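Some structures are shown below for you to check.
Shared chain: chain A. Partners: chain B in the first complex, chain C in the second.
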Partner chain A sequence: MNTTAVLVFDILLVLSLLSLAVATLATRDAHRSVILFMAFGLVLALAWGRLMAPDVALAEAAIGAGLSGALLLAAVREQPRQTLTADTNAVHSGNDAGLKVILQSVATLLCVGLAATLSWALAHALQSAPSNALAQAVQENLATSGVSNPVTAVLLNFRAYDTLLELAVLLTAILGIFALGPARPGYRSAGPVFDSLAHWLVPVLILTAGYLLWVGAQAPGGAFQAGAILAAAGVVLQLSGQRTLGLPQERTLHIVIAAGVGMFLLVGLSLLFLGRPFLGYPPAWASALILLIETAAMLAIAATLALAFLGGRPQSPRLNATGEKPAALSTGTLRAAMHPVRSGTDADTNSGYRNSSNEQKQ
Partner chain B sequence: MMTAQWLYGITGCLIVALGLRTALLHTLLLQRVIGINIMGAGVFLVLIAVAYRGPGEAPDPVPQALVLTGIVVAVSATALALALARRLAAEPDNG
Partner chain C sequence: MIDVISSLLIVSGLGFYLAGSVGLLRLPDLYSRLHALTKADNLGLGLLTAGLILQAQDLFIAIKLTLIWLAVLAASAASAHLIAQHARRRETRT
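Let's look at the complex of A and B:
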């Protein structure tokens, strides 16, 4: 491989990362900031690919850029117009201007100091001989882990505690979101073009999620990436006016949200009961147990992230008992009648109406 | 001597500082959330740079698994922060 070409690529990638980060943070328009943040996430996914971390690249593209971007865009849409272009520097009245300059300088100095300290720590870590003890331990025990992808082995076997606690964090976050209030009103049903796109996209996303889950055992992929792709299917359904996001309702939904933590605990405690350590899989069963836990984790992650996009506790659509299948997409008029249209949801239509009324006046 | 590790690692340090500055100083809650996300991305960059072992060598899977966990925790924290901001905006005093 040509080292100079790789170096040029590295420098270009690093420069675009830095400039995208600066642009994201410096822009005063929240909407533009979110779009730039998504671009930053996608370039970051490229960097993960370059640094031989394909599992992380997949997760970054699906979660870091995709779902975070969707969450932020939904939040930007709700903000009142005047705060969208708020001035960063117009915080307080003129009296506080001096204090503000001092505060800003102190904060900037703090951040420069942090960057310097971090760089020093990094230099220390890179200059001392790289410790391969953990990496070697993973390689040596990979054969008994039940999977051949080392990252999946670490996540679901060697450091399964971490992943259990991570799923608990997800569960806590969604319970917090539920506690903060009801979900956003649903979107109006989309036109025929988006509806047919959703008809194609949702099955493809479900298939991709299943593939990523299965292939995660020996290649880049796994429950997180698969869950994120499945959640993206939920977001597409939500955007097409499907209030239920293809999720089950009420009690079943609660079981699905808790499935990740629940399956982990069930497997862990059963093993404890059988005289093995907590989450210490017998090598013969490891492969099947990991797939079992990953399937439950994928469903829980997908449901949690899709519900997070709603921004609150879902309202039970009492009229809509059968609306969980994508097939219900074609019943556009019925659904539009059932779900209240959000005011200002379709800016184009509104402005269109306004224009036509103006014309009538003239 | 591994140029790539240094290049991406130092970039990660700079991105952490940039994100933290926005999280501390910006007036809009949404921009602060984005700042914290960018800060997290910088931390991930440092970790993945440390895990890199050069072309043709298998990277260290442990930091990679940490980052994977970090990405999922970051998105759930973002979702919770945005729900909190939404509730804050809905309160009469702040409306």
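Let's look at the complex of A and C:
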């Protein structure tokens, strides 16, 4: 390929990344800022692709742009627009303007310090001779790892310990989410068009997740990307009015959440018991063990990310089983009071086209 | 010969993207902006995909590209519909 053309493309990529970053931070409107952040994530994924890191590009597009964007949009939706400007005005008019100046200068100093450290590290990295000793070591031992994708080999075999701890971090995040209490009432269906999109999109997403999980052994993919795609299916389900996001009931859900760390520990401890090092797979079994751990990890990651979008402990299934869902009941009675004639059909079906409009702010 | 056809397809696809972006920035109201945007998504990406399929190494990649185009088609049609529906309801409410 023509090198100048590629260079021009790379420069354009970097420039658009920088300008998107500045625009994201400079925008006052939180909605607009989130949309810009998602665009930033997509361009960043493109940049990872250019750096020949398709695994990171996939993860950035799915988690960094897609799911984080959805999370941020859901968070912005919870608060009224223009809070940013209103807040700053309130602080300006108040007595603590002096405190604000002090805080701002401290933050500026910290940012300058961070930027200086990072620039020093970058300069250091640029000056030192490029070394691929690590990559070489991975390539040499790839045959014994059980997979042929070096990224998966590092994540699930050579540095499996790190991945185990990452999954433990996700598990801790779930505890934080559960501590927020019961989840807010979900979204109402946006109408038949979105419902039919969800109807075929969710199976396709599940299929894609399975494909990414399987292909991770020899090509870009793996548990994190597959889990993010699966969580996206949950988000689509919630947006179409499915309040459980396709997540299982309480007890099964707890098992699924703990599955990633649990399977890791089970495999590691069993190997220890058999006289091998912790997570030191026998080469003959490595492939199967990695697939086993990755499958469990994908389910746990998907459940974690979907629960993060739900923003709380899912409503108890027992309440659902005894009759109507608790929140649907309250909106149902509310609307029954407003539209006594139509209430009978509308209260229990969430797909009413005409009156599914502005209930989303509930 | 195939290179020429595929470049022609890609360049005309880019033309649709350019027109769609200009329309998104310049057209007066939300509905016409959506109209401009969906042209870029549907036809622009379609032409781009057709051009790339001609360059594809094997049938598998060609099928993947077609699937991507179809997925974007469905997603953009649905999201354009949702945005328009939301705007229409906001209009009728106020």
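Definition applied: the second predicted complex is superposed on the first by the 283 of 362 C-alpha atoms of A that agree within 3 Å, B and C clash if a C-alpha of one lies under 4 Å from a C-alpha of the other, contacts with A are read in each partner's own complex, and residues count from 1 in each chain.
Note that in this section contacts are C-beta pairs under 8 Å (C-beta built on N, C-alpha and C of every residue); 3 or more make two chains touch, one makes a residue touch a chain.
From a predicted model like this one, the values you see are computed outputs, not experimental measurements.
Look at A:S33: by the touch rule set out above, it reaches chain B but stays clear of chain C.
When the two complexes are superposed, the chain touching more residues of chain A, out of chain B and chain C, is B. Of the two partner chains placed by the overlay, only chain B lies in contact with A:A59; chain C stays clear of it.
With both structures placed on the common chain, the touch criterion links A:L197 to chain C but leaves chain B unconnected. In the superposed pair of complexes, A:A160 makes contact with neither chain B nor chain C. Once both structures are placed on chain A, no chain A residue is touched by chain B and, in the other complex, by chain C. Of all residues in chain A, only 190-191, 193-194, 197, 200-201, 204, 357-358 touch chain C in the complex they form. Chain A meets chain B in the complex at residues 1, 6-7, 10-11, 14, 17-18, 21-22, 24-25, 30, 33-34, 37, 40-41, 44, 47-48, 50-53, 55-56, 59-60, 63-64, 67-68, 71-72, 74-76, 78-79, 83, 86, 88, 91, 103-104, 107-108, 110-112, 114-115, 118-119, 122, 125-126, 130, 132, 134-135, 138-139, 150-151, 153-155, 159, 162-163, 166, 169-170, 173-174, 176-177, 180-181, 222, 224, 301, 304-305, 308-309, 311-312.
By the touch rule above, chain C contacts chain A in their complex via residues 71, 74-75, 78, 81-82, 85, 89, 93.
Of all the residues in chain B, the ones that touch chain A in their complex are 2-22, 24-28, 30-31, 33-35, 37-38, 41-42, 44-46, 48-53, 55, 58-62, 64-69, 71-80, 82-87, 89-90.
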